[in-house]
Amino acid sequence: MKVWKRTGIVALAVIVTGAARMPVEHRLTAEMRAAGLMPATLDISTRERIGQTSAAVALGGLRTLVATFLNLRAFGFFTEQRWSNVDETYRLIVDLAPRTRYYWETASWHQAYNAAAYYQNQSALPALRRREAWRSSIVRGLEILDQGISNMPDAWPLHVQRGFLLRDPNKIRAFGDPEASFLAAAESYARAAEIEGAPEYARRFQFYTLARVSGREAEALALGRELHAESTAHHAPTLLSVLFALEMWENPEADAKALAIDLFGTEERAVEQLGLYWQRVRERFPTHGVARALEALYDARGTPASERIINQPPPRIYDPEEAFAPGPPQHD
Amino acid sequence: MAREMEEKTTPAVEIENLVKDFRTSFRRLPLRAVNGVSIRIMPGEVYGLIGPNGSGKSTTMKALLGLLAPTAGRCAIFGRDSLKVDSRMDVGFLPENPYFYKHLSGAETLAFYGKLCGLRGKALRERIGELLELVDLEGARHRRVGGYSKGMLQRIGLAQALVQEPRLLILDEPTAGVDPVGSRQIRDLVMRLRERGITVFLCSHLLEQVQEVCDHVGIIYEGRMIREGRLEDLIAIEDQTEIILKDADETLVAAVRELVAGHPGKASIIREGRPKTTLERLFLRETIGREDH
Amino acid sequence: MNEPQAARATHIGRTLVIASNTFTQLVRMKVFYFLAVFGVIAIASNFFDMPQHTGPEAIGANVLRSIKSWSLGAMTLFSVVLAVVATALLLPKDVEDRTLYTILAKPVPRLDYLAGKLLGVLALIFVSLLAMDILMTAVLHIRTQIVLDQQMTLAAAMGYTEEARESLRAETLAQGPNWSLQAAVLAVFLRAAVIAAVAMLVSTFSTSTLFTAVISFLIYFIGHFQADLRSAWLAGGADGEGWIARGVSLLVSLILPDFQLFNVVDAVIEGQLVSIAVMAKLIGVGLFYVIFYTLCSWLIFAEKEF
């Protein structure tokens, strides 16, 4: 009958236009993927993990909504301190919304900071198991940041977060060799600094971390001098202190007291800032000539031996702000 | 002048050897709903197509309106092929048991169909007023059609069919399911339209109605046209004569009987008695007619 | 000429009459009540904020995204459901109620009827999306200002430098209402328009509303895989699929529309920008689909018998 003939014509038209539009759509898809407008194809395991229903929804342009739901669920797990569930949920969330920096940051923060601290304080567990749980949580946190960076290479905060995590004095032992860790952190800060819109402190942190890698002191010194010369905005106490130590590393015979006064401006400031710097032993900063400079400054000021910081045992300062704050650190 | 002649001679409806098969699903054997039907209706005629349910009346009408494509044969309205959209310029159609958009009021319904026919603005508003008056629905002008009774639906349907002032009106079972009062109103409307010279093509299985309004009749049965022609010719019983007397006493009746018996030839009385009014007439007299007394 | 008094209506005129009738019909079917539901969603989405981080960045970082993903998610759902259900419902309803006879018995070409129906449904979706968009933009605008105030107060208290505060402000403003968000809403509309046209095509040969709806939703979901299957076909079996798999991927990519193309919603919620060029191409693709499917529907509908 005629209807069948018409249906045939329609079927043919659908196929012919289908063939015609195929290259056009393919190009447009490529263009939109390049512009970051098209979500990358979900891998099969994600589809399985979310389950049939959400997969259908997630495919229909509602990925971010499902991610919002899952974020709520993850928050529930977080309050219940069910860390493996938190991790599992965030794996799904970042699969669904791989370009939302917040999810990468939060996922990493939960593992590297919250879960790690939780395991550290878990006195019911044997020490060895506690340490292992603590260590693997921190390593997992780093891994999440690395994945985030490969998905959003232009997000400088992720690079900065990676740097903070790697050089964190409370976590650095989880990564094995501290110097390798400082070097990796320095590279992270360097990459962050290259990205447009990154804050200036990224380069200072590159300097601080590079200074702690043996064999890279000369490179660090050059960077420190460059920053020092560039702007007074860079003249943070830490920068001046590290720069002092590296100058003394390069030229051990130099007049430590004169150099300190030169850098810090006044004798008073020099003795105060270098004193504080001396106490930050847990951070493994270079201390070349610091003791000598302090001794000379104390002598000049007539400070009694009992009040000299270098004669006191190193303090056990624990500053959670430094470990947890994602923003620019306050001691800077 | 030539055009006037042409208008007189072009049939309003021309159906030639219409055949329509329906493919019943899965069974390969097609069902022949209409088999070689030909109908010609001249302008001004009121044509009634009668037949039992399923005899092919509706199929014939749908083919005429282009809602169906004929398997064979052709249909035309005022000389225009039914398969062309143009053929529907001059025709109004009221389907069997019509439902209109429930969400529209009576006036909005007419406006909708009027706009489809290209009516606009003041002309449209005036036409709607006229039609609502014609079908006696002015009181229900702003009521949603969803709340209309069966008879009101039929009447708004009729108004809708007339909206662009067509010269041909096609009515499919116009009084089916309508109470006698509504039925009477519709019949009166059709009569009035006939007076205005509008050609009407209606189909029904209610013979009495057809007899009352139509001047031409076709009888269709199992897809075939059995009889067709002028109503008077078809129903007259040629060898009988009817005399109805009023206030006749027994002697007069006896005299008539004698006269017939004594008349040369073979004339005879077949039946005598009191003629009965129809139940319908009684009903109408006791309901609507009551006010007149 | 034998023309009746009324001037002949134009194609566009008739199409618009049917479209506005369809629009009124849907409005009087009370479909706009769902806008109230949307209002509740848009306002409720304000409460999905979780204090997870410390620091100014974390204030409201979630809530702005939450407002957008809830609102755009609801828009997507409403528009697609409305497109499929309204289209699948209206055509068979006209046939069942025999209203279609009265319309087609007027000098109305069947293409005008189909185009009018589709246009009516699209007008309804457009107006609904517009209302939802305005509400979302308003909520988002107000909330962005609140978030920004809180962030700046805390940032100042924590001694952020001017530079750091500016960067934070720019980042937060990017999460607020912008043109890419409007582009995402337009993409949602385009997708709904395409699926409505598909539903209309299906309903011209389907025999039940349920069948039309189910098939249309199926096409909608599979249409989101179309791009994957197309690239599988274009890759030429590099991943070692069998010829059956290749045949299926070719067939699907030939027959089904690519709904993934209109799926910029997620990227926009995540802060990506949509260029005018991409938007123009999307509009082009959407128009192509709608017109093509309408013509296909007409080809079948023109031969339909009632």
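As written, the chains take the letters A, B and C, and residue 1 is the first residue of each chain.
Going forward, a residue touches a chain if its C-beta (ideal position, glycine included) is under 8 Å from a C-beta of that chain, and two chains touch if they have at least 3 such contacts.
Keep in mind that this is a model prediction, so the values were computed, not measured.
Counted as hops between touching chains, the shortest connection from chain A to chain B is 2. Which two chains touch most often is answered by the contact tally, and the pair is A-C. Taking the mean of each chain's C-alpha atoms, the chain closest to the overall C-alpha centroid is C. With chains reduced to the mean position of their C-alpha atoms, the one farthest from chain B is A.
The distance from the centre of chain A to the centre of chain B, with each centre set as the mean of the Cα atoms, comes to 87 Å. Centre to centre, using the average C-alpha position, chain A and chain C are separated by 39 Å.
Chain centres here are Cα averages; for chain B and chain C they lie 49 Å apart. The set of chain B residues touching two or more other chains comprises 69.
Shared interface positions of chain C, i.e. residues touching 2 or more other chains, are given as 303.
Residues of chain A in contact with at least two other chains: 2.
Across the complex, chain B is touched by residues 2-9, 13-14, 17-18, 21, 24-25, 28-29, 97-99, 101-109, 303, 305-306 of chain C. Looking at the complex, you find that chain C touches chain A at residues 48, 50, 52-58, 61-62, 65-66, 68-70, 72-73, 76-77, 80, 158-161, 163-164, 167, 170, 188, 191, 205, 220-221, 224-225, 227-228, 230-231, 234, 253-255, 258-272, 274-275, 278, 281-282, 285, 288, 292, 296, 299-300, 302-304. Residue ranges on chain A touching chain C, taken from their complex, read 2-3, 6-7, 9-10, 13-15, 17-19, 21-22, 24-26, 28-29, 31-32, 35-39, 41, 56, 59-65, 67-68, 71-72, 75, 78, 97, 99-100, 102, 105-106, 109, 157, 197, 199-200, 324-328, 330.
Those residues of chain B lying in contact with chain C across their complex are 7, 62, 65-69, 78, 85-86, 88-101, 103-104, 112-120, 123, 157, 160-161, 164-167, 170.
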